[in-house]
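Next come two complexes, and both contain subunit A; in the first it sits with subunit B, in the second with subunit C.
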Partner chain A sequence: MTGLRYVYAVCRPFGTPLQAELTGIGGAPPALLHHHGLVAVVSTVPEADFCEEALKAHLEDLDWLAATARAHEGVVDALTTVTTPLPLRLATVFRDDSAVRTMIEAREEHFRSLLDRLHDRVEWGVKVYVETETAESAESAEPAPSPARPASGRDYLRRRRESSHAREEQWQRAERFAHGLHERLAERAEEFRLHPAQNAALSGARGQNVLNAAYLVSRKHSEEFVELVDRTKDEAAGLRVELTGPWAAYSFTGEAAS
Partner chain B sequence: MTTPSRFPEPYGQGSGANLADILERVLDKGVVIAGDIRINLLDIELLTVKLRLIVASVDKAKEMGIDWWETDPALSSRARRDELTRENAELRERLARLEELALEPGRRTRAPKEAP
Partner chain C sequence: MTVVERREIALVDLLDRLLAGGVVITGDITLRIADVDLVRIDLNALISSVNEAVPSPFEEVV
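Entry: the complex of A and B
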């Protein structure tokens, strides 16, 4: 079987060995490729799956994509426990080790400056959901006491206005809460990124996602940050705050922005 | 830099992370390097847009002011913008042609009249 080199991340040399049982894509154990004072974390992937055509087809297959994405993230995650990795985008593949070395040489400076910027920092994901069950029950509870049929056209219109008004108010409340929370968290973070809200179809999460943000926080301040998020969890009825992480600083590998 | 030991993991690995959380990071974020296997970036963008259709509830996100992808040329509005630009150009061209016709002295006055 011909193999290609899949690169998960680039980091500085680290002393702690990776877990022996750690596996990457296709169950292959990741290896460390040292070059020019940097380390590329690589594993061998079958050319049959990662040549151009196969890859193109695979990327359209959500099951394959999900498994590959989880394996990629699994390795990056393991690295995050021992060092500060620069995660590469999914499916960065080279012919062999020497091609990986050439890539490192070409980007050495860029890698170093990114590694400096992200050193000892992790990413925390914070999402706010409007609990739709609450939204629905609030809605259905509201017209219940009034008769099933509106007495007049004007009555009907008034009721419709009230109902959409209640919905609108709930969204406004959610928006205010999310903005306020984001402001507080951004103050404690070195950088942040706002991601598009997630739809339940893929996330499988309950409720409507109204804030989906990533915060870059030093390890030193992470505990404080997590406590701050935890404290807000009971602040607003009908809203849910979710924390994920610590992630490698995926969202902060581009240009420094915020 | 060498790290002597594992970092403490008080909060559990990727606790509560769902597939959307992982995909939005590994597909959309991270350092972009063109490897030896050149996956057509356009294909990736298409995939990303497709996923985004599933992932993003655009209206709600916009209400929240989360609209960075509006300026991301690879995402969402590009196709729409291009379409509008094209349509705009086409309409201008048609308008110019009509004006030309209307201003052409010969045609304007004589066309409706019958030759004597």
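Entry: the complex of A and C
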């Protein structure tokens, strides 16, 4: 079986060895390829899985995609404990080590400037959800002077209007909260990115996602940042704040924007 | 840092980063993964076709 070189991340050389038991995609151990003062973290993947045709098909296969994404993140996450890695996009594959070296040579200036910008910084993910179920049960728990069945068509329409009005108010409140939270967090972050709101069908998360943001924060200020997020968690009834991280700075490998 | 309890990372959070973030390099085998939006849409379609349709919140049983 022919092998290809999968590249997880590019780093500056680091002294600490990777955990011996660390495995990457397909269970292969990641190796360090030193070149021009940079390190590419690579492993061998089967060509049968990563040639263009196979890859296209695999990317539509949720189980394969999940396993590959988790293996990729597993290696990058291990790197964040010993250095500040520059994570590459999922499924960046080369023929052999020599092609990886050529790639490093072509991009070394770019890599160095990104690595400088991200040095000792991590990414935190913050999401805000409107707890739609809570909202509905709160509505139905209200003392309802009106009978359970609408007395007339007009009555029915009025109740529908009131219910949709309450929902509208909750949305506005959620947006105000999300906006305010984002402003407070962005002040304490060096950069931020707003990801598209997550689709509930895909995430399986309860409620409707109204903020899906990533913040670049120095390691030094991370504890403070996390505490700030934690404190907001009880601020708003019917809303849920979720924190993920620390991540390698996946969302900040493009041009600096903020 | 041990401030945050580490749960298993949700797949969507991973995909937000691994398919939309990270340094994009034209490897030897390149899927120009700008097709990622397509992948996402296909996944959405896949999952919503498996799930039962969510009833509209406005459908009140009268």
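The criterion applied here is as follows: the second predicted complex is superposed on the first by the 242 of 258 C-alpha atoms of A that agree within 3 Å, B and C clash if a C-alpha of one lies under 4 Å from a C-alpha of the other, contacts with A are read in each partner's own complex, and residues count from 1 in each chain.
Here, a contact is a pair of C-beta atoms (placed from the backbone, for glycine too) under 8 Å apart; a residue touches a chain by one contact, two chains touch by 3 or more.
This is a predicted model, so every value here is computed, not measured.
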Partner chain(s) touched by A:E60 [first = subunit B, second = subunit C, both, neither]: both
Partner chain(s) touched by A:R176 [first = subunit B, second = subunit C, both, neither]: neither
First, second, both or neither for A:H34, with subunit B first and subunit C second: neither
Contacts of A:A197 with subunit B and subunit C, given as first, second, both or neither: first
Touched partner set for A:R167, first subunit B, second subunit C, both or neither: second
Partner chain in contact with A:R158 - subunit B first, subunit C second, else both or neither: neither
Which of subunit B and subunit C A:P13 touches, first, second, both or neither: first
Subunit B versus subunit C as contact partner of A:R149, first or second or both or neither: second
First (subunit B), second (subunit C), both or neither touched by A:L86: both
Shared subunit A contacts, counted only where both subunit B and subunit C touch the same residue: 4, 7, 10, 50-52, 55-56, 59-60, 65-66, 69-70, 72-73, 86-95, 99, 103, 107, 114, 125, 195, 198-199, 201-205, 212, 219, 223, 226, 243-247, 250-251, 253-254
Touching residues (chain side subunit A, partner subunit C) in the complex: 4, 7, 10, 50-52, 55-56, 59-60, 62, 65-66, 69-70, 72-73, 86-95, 99, 103, 107, 111, 114, 123, 125, 132, 136, 149-150, 156, 159-160, 163-164, 167, 193, 195, 198-199, 201-205, 212, 214, 219, 222-223, 226-227, 230, 243-247, 250-254
Residues of subunit B touching subunit A in the complex: 1-7, 9-11, 13-27, 29-33, 35-40, 43-44, 47, 51-52, 54-58, 60-61, 63-66, 68-69
Residue ranges of subunit A in contact with subunit B within the complex: 4, 7, 10, 12-16, 50-52, 55-56, 59-60, 65-66, 69-70, 72-73, 77, 80-83, 86-95, 99, 103, 107, 114, 119, 125, 171, 175, 178-179, 194-199, 201-205, 208-212, 219, 223, 226, 242-247, 250-251, 253-254
Complex contacts: residues of subunit C adjacent to subunit A: 1, 3-4, 9-25, 27-31, 33, 35, 39-40, 42-44, 46-48, 51, 54, 57-58, 60, 62
